[in-house]
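Presented below are the structures under discussion, each in the form of structure tokens.
There are two complexes below, and they share chain A, which is joined by chain B in the first and by chain C in the second.
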Partner chain A sequence: MKQLLNQKPIILLISALLLGALFILPLIVTSPSLMQIIILIVLYAYFTSTWNFVGGFAGVLPLGHSAFIGIGAYTSTVLFQTFGISPWFGMIVGGLLASLVGVIIGLPTLKLRGAYFALATIAVGEGMRVLFENVKQVGPFKINGPSGISLPLMESSFWTFQFGSKATYYYIILIMLLVVLLLTYFMMNSKVGYYLAAGGEEPEAAEALGIKVSRYKLIAMAISCFLAALGGTFYAQLMLYFYPKSIMGLDLSFEIAFIALIGGRGTILGPVLGALLLRPVSELTRIYLGASLPGLHLVIFGLILIVVMRYYPKGLVEPIKKLIDRFIHKPARGKADDPSNPSARQE
Partner chain B sequence: MALLEVKNVTKRFSGLIAVNDVSMSVEEGQIVGVIGPNGAGKTTLFNCIAGALPPSSGSILFDGQEVAGKKPYQICQAGVTRTFQVVKPFATKTVLYNTVVGAFATTQHLHEAETKAIEVLKFLDLYNKRDVVSQSLTLPERKKLELARALATEPKLLLLDEVMAGLRPQEVTEMLPIIRKINETGVTIVIVEHIMQAIMNLSEKIYVISFGKKIAEGDPHDVVSDEEVIKAYLGDEYVATQH
Partner chain C sequence: MLGIIEALINGVLMGSIYGLTAVGLTLIFGVMKVINFAHGSILMVGMFSAYWFVKLTGLNPYLAIPVVVPFLFYFGYFMQSWIIRPIFEAEKDVREPITVIIVTTGIWYVLDNLSLLFFGAEYRVVKTSVTGKIFEFYDMYFLLPKIIGAGITILCAIYLYWFLKHSKMGKAIRATSLDREAASLMGIKQSKIYNIAFGMGCACCGMAACVLIPFYYVYPTVGVPFDIKAFIIVVLGGLGSIPGAIIGGIIVGIIENVGAQFMASTWTELLLYGVFLFVLLVKPSGLFGMKQDF
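Entry: the complex of A and B
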């Protein structure tokens, strides 16, 4: 925390203003459909930030993360439908379940490197979707195969996690995002973060320095899957209807990975930046071209990705950081400081 | 009791015997050299001690504790840290970050790890490079970073795998006092090397390995005049001219 507040006053001020603006946003935006788009931007920033724990820091590229989002959505929903358990509790159960599944999948796959891990996660994610599409009922829980689940409409209350006003959903996901970003920050500045980064870059050297690389990757996987599943519950409560393809499909997994790569994986703000840029593209193509050219948004993402990777292989966070540095840091900067390290390190 | 006791270690790779029944012992505070021609099995032996390869047979005692077949991270946690012949820095991270990773071996807190890392970097004269991304370092600096990271784990025994390889003669001369300085702080060192000048200067005791077998051990000056050693390095015909 100390380090977090140790930034330059101007940065603190700007952050505070931005935060304030985010919190009063629903007072300005009155259109529910615009609000929905904004909520989805924040939700996708959230999804990508949870993905970041594994994809950004552990040196692998997961391409099946929607499986865990789906587990979250299904768990809280069937618990609510069958036993009337509040989605808030269901959310935690879903999170723990996703964590467990993530660790079981991670045990064999996290040892794989590069493309092999990516392929394995695609296989697992797709397998899970097909499984959910082919099962109508598990014990007492109805999941309805490919047609999915509609949540019964309840009166607006905290307990049922259903709200009449979009603003409430907005505040919930905004707070969830801020918590995850804070967690990311703390992880990056902790032993776990250092060990993950080390194991991701040079596993052999990391092991020689006393790091059990597989253990730290599993920790990251568990955290990431838990948080992703919480987002899944939120999605279910926001949409009140979902089916395997909408929430466990490759589309969602790929979109998350695209957002991370374009925004900047392994950084705190990369996922936010990526979502801010890509979600509107995705919404606009869906609104105007959804009928004639469905899936066009992924093609556009692909093109953006190629351009971004060509010029900013670390994502768009890189040039933006440089820009901010030029305007804020430079005048106040000492001569001895190395410009290649823009973090405000204190000694 | 010796700090490191290697007893009859053999390493086979399906048919090929890379290390054949080698024993060695290292006392606390010593610098011990392992030399031998290229392909003699030095690095394999070294990998067995560091845990990168499990020995096929034999025992390795560190501080009285059996470590043969343990994983590299367990061996590091026991107090043995190695460096790599082909340096492996965390390339996109700064020098300080790299060293902090090592320093986390003894603490849970970033602040303490950073303090330790800075101390090590100052000791190795890398402090002014602390914010440089490690992939833009020169080779001698990378070799030093390898040392810094290893030292930050506070090892009792440091295994150096050809830290001089690839360095220019001038740079080798600069590296020697650094290794001696590390030893003076109480760290025992086993150094694998085929640059004779380096190892003769540093070691109190030398083991010579050729074709996987130990062919000589002892005081550096006795060892270099040993017939077997000359044969291994220069070939049979040179033995006669020595006498």
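Entry: the complex of A and C
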């Protein structure tokens, strides 16, 4: 925390202003459809930040993250529909389940070359989708196969996790995002974070120093899956309708990975920046060109990704940071003592 | 019983075609240590080119091979040299080339959705002289194009194996995959080898596309199931091993077809993922994988 406050006053001031602006945003934006788009931006930033724990710090490429989001959504919804358990509790149960699945996948694969991990996560993501599409009912729990689950509209209350105004959803996901960003910050500056950074760069060297790299990668995986599942529950409560393809498909997994890589993998603000840039692209092309040109937004995503990876392999956070540095840190301060810049730390 | 034998043979036939796409993937991985996630999309490009070739000329689909295979070779060659090479070179010394993997995923999305934009989402079939022809053998029925396809595939894999073992270019490719630095000290130009390996991997997809076209639908996301199967196959057979890819392909084909005798076909898909995870847990290097490669 001390490090966090140890910035130049002007940066602290701007951050505080931005944060304040984020909290009064729902007072300015009154259109529910615009609010929905903003909520989705924050939600995707959240998903990507949870992805970042594994994809950013553990140095591997998870491409099946939607499986965990789906587990979260299904668990809380099914528990609510069958036993009337509040989604707030279901959320935690889903998170633990997702963690368990994540650890089971990670146990054999995190020791291997990154390519294996990427392949295994794709296979698990797709396998999970096929499983949920095949199952209509497990014991008392209704899964409904490919047609998915729609939640009954309840009275707006905290217990049912359903709210009349979009603003409430916005505050919930905003707080969730801020918590995850703080967690990311603490993890980066903790022993686990340092071990992970070492393990991602030079696994053999780190092992030789006595760091059990795969164990720390597993910890990161468990945290990441847990948090992703919480986001899944939020998604279910926001949309009130989901089906395996929408919440467990490859498209969602890849979109999350794309956002992270374009924004900046392994940085705190990269996922937020990526979501801020890419979500509007996908919403706007879907709204204005979706009917006549299906799939255009994915072509644009892919092209942006290729170009960004070509010129800024560390993501767009890098050039933007430089730009900000030029304006604020006029007398070029040593970059190395900036704790939010992991690339500086690694050098 | 006869039904199971029929399914078994059908599995081998279809599996060898899966195997050929996986050979392309494993070849690229062996040389560059990069998984080409766009592999299924390359197959889709091949299938669409074969489709339009047959549709426009009305010729025998197997005559598309001398057109589509070189086209895909150069498609892969230039994709590697224009898009992938600059990114690959930036992280040549990194142990885990993640950026390259994600760029091939970007290519996947661009290609699939471009073809959706141009050709629409409908399923297309092309009527050829072998479409729907049945081969009968002791009361068992097989699709003739599947048999021809499997034959061509096996020949192609044997040729590729011979090419890598005995030709000069093949030796250069294997040398590069064993040790990049040592190979370039011996005067092998790395970037050219990468281009050629990538082109050959894509040409395998072109070959598979041509033999698939007489009995398979073409649509923009046709590559995705093949892509996922190819991933399972290469892990099963061992990343980087060509015989492993063919045998892995046949195993996957058999699981799929024989499994369908006992359960709904959507469940056999799940069975495949199960086998995949089991192999990862028990023997991550696969059936024929080299120890140092994982």
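We take it that the second predicted complex is superposed on the first by the 328 of 347 C-alpha atoms of A that agree within 3 Å, B and C clash if a C-alpha of one lies under 4 Å from a C-alpha of the other, contacts with A are read in each partner's own complex, and residues count from 1 in each chain.
Just so it is clear, a residue touches a chain if its C-beta (ideal position, glycine included) is under 8 Å from a C-beta of that chain, and two chains touch if they have at least 3 such contacts.
Remember, it's a predicted structure, so these values are computed and weren't measured experimentally.
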{"item": "Which partner, chain B or chain C, touches more chain A residues", "value": "C"}
{"item": "Chain B versus chain C as contact partner of A:Gly127, first or second or both or neither", "value": "second"}
{"item": "Which of chain B and chain C A:Val317 touches, first, second, both or neither", "value": "neither"}
{"item": "Touching partner for A:Ile172 - first (chain B), second (chain C), both, neither", "value": "neither"}
{"item": "Partner chain(s) touched by A:Ala206 [first = chain B, second = chain C, both, neither]", "value": "first"}
{"item": "Chain B versus chain C as contact partner of A:Ile143, first or second or both or neither", "value": "neither"}
{"item": "Touched partner set for A:Tyr116, first chain B, second chain C, both or neither", "value": "second"}
{"item": "Partner chain in contact with A:Ala197 - chain B first, chain C second, else both or neither", "value": "first"}
{"item": "Shared contact residues on chain A - chain B and chain C", "value": "202"}
{"item": "Chain A residues within the chain B interface of the complex", "value": "189-191, 194-195, 197-198, 201-202, 204-213, 337-338, 340-341, 345, 347"}
{"item": "List of chain B residues in touch with chain A within their complex", "value": "50, 52, 71-73, 76-77, 81-82, 84, 88-94, 97, 100-102, 104-105, 108-110, 113, 118, 131-133, 149-150, 153"}
{"item": "Complex contact set, residues of chain A against chain C", "value": "59-61, 63, 105, 107-109, 111-116, 118-120, 122-124, 126-127, 130-131, 133-134, 200, 202-203, 250, 254, 257-258, 261, 265, 293-296, 298-299, 301-303, 305-306, 309-310, 313"}
{"item": "Chain C - residues contacting chain A, complex", "value": "29, 33-35, 83, 86-87, 90-91, 95-96, 98-99, 101-103, 105-110, 112-114, 116-117, 121, 220, 224, 228, 231-232, 234-235, 239, 264, 266-267, 269-270, 273-274, 276-277, 280-281, 284, 293-294"}
